[in-house]
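Two complexes follow with chain A in common, the first pairing it with chain B and the second with chain C.
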Partner chain A sequence: MLSTKERLNADVTVRTKALVGAKPILSKRRVDILLAIAVTAIIAVTALFLLFPVVVTVLMAFDARDYIGPFPPTELSTRWFGKLLEDAYIWAGFRTSLLLAIATTAAAAAMGALAALAISWMSPRWRDFVTTMFLSPLVLPGVIIGFGLLMFFAAFNQVPVFLKLFAGHLIITLPFTIRMTLVGLAGISQTLREAALSLGANERQVFFTVTLPLAKNGIAAGAIFAFAASMDDLTISLFMSDFQTYTLPLALTTLIKSSFDLTIAAAAVALMGLTIVLLIVLDSVLGLERAMGHGTNRIR
Partner chain B sequence: MNVLELKDVTKKYGGFTAVENVSLELEPGKVLSLLGPSGCGKTTTLRIIAGFAAPDGGTVQIAGEDVGQLKPYERNVGLLFQDYALFPHMTVAQNVAYGMRYRGTPAAAIPSRVKQMLSLVQLAGMEARYPSQLSGGQQQRVALARALATDPKIVLLDEPLSALDAKLRLELRIELKEILRSVGATTIVVTHDQEEALSLGDEVVIMHAGKIVQRGAPTQIYQSPASKLVAEFVGRSNWFQATRGSSSIAGFTSYVTSDGVEIRAKSPPSDRDGRVNLCVRPEHIELMDSAVTEAPRDADHNSIAGVVLDVASLGPDVHVVVELPGKARFLAIRKNVRKIPGLAPGQCVRVLFSASDVLVF
Partner chain C sequence: MTAARSKLMLLLPAVAVFVLFLVFPILMVLNESFHTFEPGRIGSVEGGPLTLANYEELFQPVYAQYFAQTYVLAICSSAISIIFAFPIAYCIARTEFAWIQKASISAIVGLMFLSSLVRVYALELTFGSVGVLAPLMSIMDINTNSRLYINFVILAGLLQYSIPMSILILIGAIKNLNPRLTEAALSLGASALAAHITVTIPLSIRGIVSAFLVSMTLGVSAFVIPLILGRGRILFISNLIYSRFSEIANYPSGAAISIVMMVLALLLILVMSRLATSLERA
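== the complex of A and B ==
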C-alpha cells in the first residue's frame, strides 16, 4: 500500500511527464499562473488607488512648510496639529457635527428599527413598495433633498438651525438603519417566533425576549453607518447651516477655499484617528464582523 | 377521555383546500403519526392544533376544551420544530426554562426542573452551552426538553428526525420513543418519512390531498393498505396492470397482466370488471435459478420466468432487478446471507410469490 503522500507524489510525476510530453506553447497551467498574477496586480493597483489620497493627506498634515507646497513634504513637523487645537472655527464645527451625529444616530436607530419591524410584518407586495420608498434618499441627490428642505423650512419663521440640520440628517441616515435592521430581522427564523409563542409567551414577550435581542446587531450596524453618514455629510448641511451653526465638513470646506492652510489635513488625520478608535471600541464590544455581517443569528 | 379531538376540520387558502373534513381523536399517552407527501395537509393540521392557523370549519378540542379561537400561547401544546428553533442567544438552560417562565412554573422550581429535563434527554451538565456549541442530535434533545418542560397536554413533532444523518436518526428514534413513553406524552408526529411514521407511531394516519385516506396500526397500514395510493406511498412495490382471467380455482382469483402473465391472488374478486392493479412487495419474492430447479407450481404459488438485469448489494439486503416478459421490470429484495446463492446479471430465474401476498386494487 502506498501512503497518501506517496500516491500524491506519483500522481504529480505522472502529470508533469504528460505536460513535458505535450509541450504546448502556453500550457493550461501557465495560463492559470498568468491569470493569478494579473488578478493580484489588479487588486494591488486598486488598493494603492484607494489608499493614495489617505497617504497624501497624512503626509501633508505633517508638512513643516507654511503654505500648501507640492507633494511630498520637504520637512516634517506637528505645527498644523497645534494650530488645529487652537482653531475655534473648526472646533465649533466639530462640536456641532458630533452633537448632530449623536442625536441623528439615536433617532435614526430607533425610528429605523421600528420601521423595519413594521415592514417585516407586511405582505410581500407592500413590503417591497414601502422599503423602496424608505430607501429612496440613498439614490436621491443630496442637493435635491437639501433644496427641498430649504424651501420647506422657509415656510416657517425662525426654525433653529440645529433642528433643520437634524431633520436633514435624519432623512439621509434612516435608509441605513432601516436596511441594516431588515437584514438583521431577515436572519431570524419564523420558527423561533412560533417556538416562543407555543411556549406560552405572547407577542409582546416574544418581541422583547427573542426578536429584539436577535435584531440587536443589525440595529447596531445601522447605527454605525448612520453615524458615519451624518459626520460625513456636506450637501444637506450646506443648505441647512448658517454662519453660526455649521458642521465640521462644512468648516473644512470653507477653510480650504478661504486659506492656504494645512490645518484641514491635520483635521482629517484627527478624524481618521477618531474613526479608528471608534472601530476598535466597537469591535471589542460587539465584534465588527458580527455587526457588519448578517450571519450571526444562525445556529448551523 | 380523548386528549385531542378534531371534528370535520377544514382549512382553505384562497381557492386551495389544504385540509378537508379531517376528524381525529387521540387517547392519552398515545403516539399518532400523520404521514403523507408534501402538500397533503399534514403540516396545516399540525398548525391548526398548535394555533398558528385558524380552521375555516369544524372544531378543535384539547382535553375537552374548545381551543378553536385560542392563541398558541393560550393552549398548552409542546412543539418540536424540524429546525429545532432553539433560541441562539440563550444557553441550553435558558432555552429549556423559557416556557416555564410563561406557563406559571414558580421561579424557585425552574432550575431543578431544567436539571431534571436535561437528565431526561441525557444532556446533564450542558446547561451553560449555547445551541451553536451543540451537535445536531444534541440540539434536537434540547428542543425536546424545552417542549416537554411545561408538561404540555399534547406534543407535536414536525419531521423530528429529518435533519439528522441516517445513523444518528436510528439512535434518536429509539431514544425519542423511550422519552415520550417515559413521560407519557400524548404525541402527534407529522412526517413525510414513512420509516419515521411507522416506527414512532402507535397508530398511523395517512393523508392525501387534505383528506385522511387510512388510519391503522403500522403493520396494518403496510400489510393491508386501503388503496393503491397508500400502497404506493408506504413501502416499495411492484405493480401490474391486469384484467380478470378465465381460470378459476376455489379460493383464488386469477388475473392476466397486460403482458399476458397469469397471476393468482387469494383475495376475493374485486367488484370492478375492468382493469385492476396488482401489487407485490419486493421482500415477498423468492428468486430461484431456473436452470437448477423447476419451480413447484401449486395453487398458492405464482411463478414467472425472468432474466436478472441488475444486482445491487446494500449491506443487509440485496436488491435484484428482474426483467419479466414484456420488458416489465420487477424488484426483488433478498436477505444478504450466505445460504442464499448469489445471482448475476443475465441469469435466468423464476420469480416466486405467494398468492396471499398479491394485493389487488
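== the complex of A and C ==
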C-alpha cells in the first residue's frame, strides 16, 4: 500500500519522465557538464585577460634591463623607481594633480552634500528630475565638456590654468559627491529626524546632531570617488592645460607616446598603490559593495 | 516660506557651477557649430552669417567612417562583455563562500578604480608593437602594425573597462532575483542551461540592458583608449573632435561633430531605457 506522498512522488516522476523523455536525461547531463566547463573557461580567460597586463606592468617596472625585453625580466632592480623620483617633469604634473584633486574634492564634497540634502527633501518627481540633471556629466562625452569649457574660457582674458582645470574637474566630480551623499542620506530614517524635531530640536540642531553625523560616510565615499576621478581625468585637462601647468595623466600620456622608458611603468605601479589606499579607505567608510551599487557609472 | 527658500539655497552653489561650467559652454558649442570657419583663424568669425555647412559636411563618407569605427567597436565590446560578464557575475552572486564573493568584488572594484592611463599603458606594454607579447605575435605571424590588429587592441582596451563594470551591474541584478525560481526550473527537469536561458536571463534582462547601455556609453565616448592604443591611425569621434581643436583649429566643425555626438549619445540612452522598461513588462 503506497502512502499518498509516495503515490504523489511516483506521479511526479512519471510526469517528469514523460516531459523530459527517457533518452534526453543523458544528454541533459552532458549539456550541464559542457556548461560548467564553458563557465570555468570564461572565468579563467577573463581573469587572465584582466590581470595579465597589470602583472606585466608590475614586473616590468622592476626590470633591470635598459630596454623592453622578453617577458618575464631576467633580473630585478628598483632603478626605474629611482629615475621616477628624479623625474622633474612627472613630479610637476603630480604636484598639480594632487593640489587640483584636493581642491576639487573639498569643493565638490561641500557643494554636493548641500545639493543632495536639498534634493532629499524634494517630492519624488522633482527628486528624480534634479538628480538626473546633476548626474548628466557622467554620460556626456568628456571631449564635449572640455571643448565647451575651452570656448567658454576663451571669452575671458587670461584665466589662470589652475582655475580652468578646477572648473572642469568640479563638473565631473560633482555627480559622484551628490550621488554618494544621496546614498548616505537614503539610509537615514525620516523618523529619526522627526523624533529629534518633536523632542524640541530646531532644524539647525537636527541637521548638525542627527543628519550630518549619519550622512558623513556617504559624503566621505563621494569625496573618495571625486578624488579618484580628478586624479584620473585626462580628457578635460587636455583642453585646459598649457605647457607650464599640466596634470599627471597629461605628463604620462606625453611620455607614453614619446618614449619606451620604463619610468612610466614605475609611475603606474605607484598609482596602483594609491588606488589600493583609496579602496581600503572606501571600504572602511561605506563598504565596497554598497558604494559600488550606486557608483558604477564611472564614465569618461 | 523662508524654510522652503533656505532649502533651495542649498542647491544654489551646485546649480551655479552647472549653469556656468556646463550649460553655458555647451550652448557656446551649439552656437559655434552654426558659424563659418575661416582657415588660419582660431574660432569662427563673430557676427558672421549663420550656416548649416558644418553639419552638411558630416554627410561625407569620410565622417561616416569615423562614426562607424566608433560604434562598431563599442557595440562589439558591449556584446562581448555581456557574454563574459554574465556567467562570472552569476557565480560571484551565488557562491556559497562569503570570502570568495568579497575577494572577487574587491578585485573588480580595484580594477575599475585603477587609473585609466595605467590600464591603457599596461595594455600597450603587453600588446603594443614593442610589448612583451610582440615576439609571440611574430611567431604566430600576426602583424602588430596592421589596422586589424590595432582595432583588436582598442577592443581589448574597451573590454578592460566594460567587463568589470558589467560584472558589477549584473551581480546587483542577479542578487535581486529569487534563486528559488531557477531551482524550481531545475527540479522540474530543465537542464542547467535551459533553466538559465528560460528563467535567469529573462528575469535579469533589465540588468543586462543597463550593463549594455553603460558599456556602450563608455565605448562611444572613449577618448584615452583610442588616443594611445590607436597610435594616431585609428581615431574615435572624440579624437576627431580633439584634432579639430588642436591641429587645425577648425572650431565650428569640431562643434558640429560634438553636437551630433552628444545627440546620438542621449538618443542611445533614451532608446535603451525605453527598451529596458518594455522588456520588463513583456
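Following the convention adopted for this analysis, the second predicted complex is superposed on the first by the 226 of 300 C-alpha atoms of A that agree within 3 Å, B and C clash if a C-alpha of one lies under 4 Å from a C-alpha of the other, contacts with A are read in each partner's own complex, and residues count from 1 in each chain.
Everything below uses one rule, namely that a contact is a pair of C-beta atoms (placed from the backbone, for glycine too) under 8 Å apart; a residue touches a chain by one contact, two chains touch by 3 or more.
Being a predicted model, the structure only gives us computed values, none of them experimental.
With both structures placed on the common chain, the touch criterion links A:Gln205 to chain B but leaves chain C unconnected.
By the touch criterion stated above, A:Ala196 is placed in contact with chain B alone, chain C being left untouched. One of chain B and chain C touches more residues of chain A, and that partner is C.
Of the two partner chains placed by the overlay, only chain C lies in contact with A:Thr253; chain B stays clear of it.
Legend: residue contacts after superposition of the two complexes on their common chain; A:Asp128 is shown touching neither chain B nor chain C. In the overlay built on the shared chain, the residue A:Asp66 is in contact with neither chain B nor chain C. Taken together, the two complexes place residues 297-300 of chain A in contact with chain B and also with chain C. Against chain C, the residues of chain A that register as touching in their complex are 16, 19-20, 28-29, 31-32, 34-36, 38-39, 42-43, 45-46, 49-50, 52-54, 56-57, 60, 68, 70-71, 110-112, 114-115, 117-119, 121, 130, 133-134, 136-137, 139-145, 147-152, 154-155, 167-168, 170-171, 174, 178, 203, 228, 231-232, 234-235, 238-239, 249, 252-253, 256-257, 260, 264-265, 268, 271-272, 275-276, 278-279, 283, 288-289, 291-293, 296-300. Across the interface of their complex, chain A is touched by residues 3, 7-8, 10-11, 13-15, 17-18, 20-22, 24-26, 28-29, 32, 43, 84, 87-88, 91, 105-106, 109-127, 130-133, 135, 156, 159-160, 163-165, 168-169, 172, 188-189, 191-194, 214, 217-218, 220-224, 227-228, 237-238, 241-242, 245, 251, 254-255, 258, 261-262, 265-266, 269 of chain C. Contacts from chain B toward chain A in the complex involve residues 50-52, 71-73, 76-79, 81-89, 98-99, 101-103, 131-132, 136, 139, 146-147, 150. Residues of chain A that touch chain B in their complex: 189, 191-192, 194-202, 205, 209-210, 213-214, 297-300.
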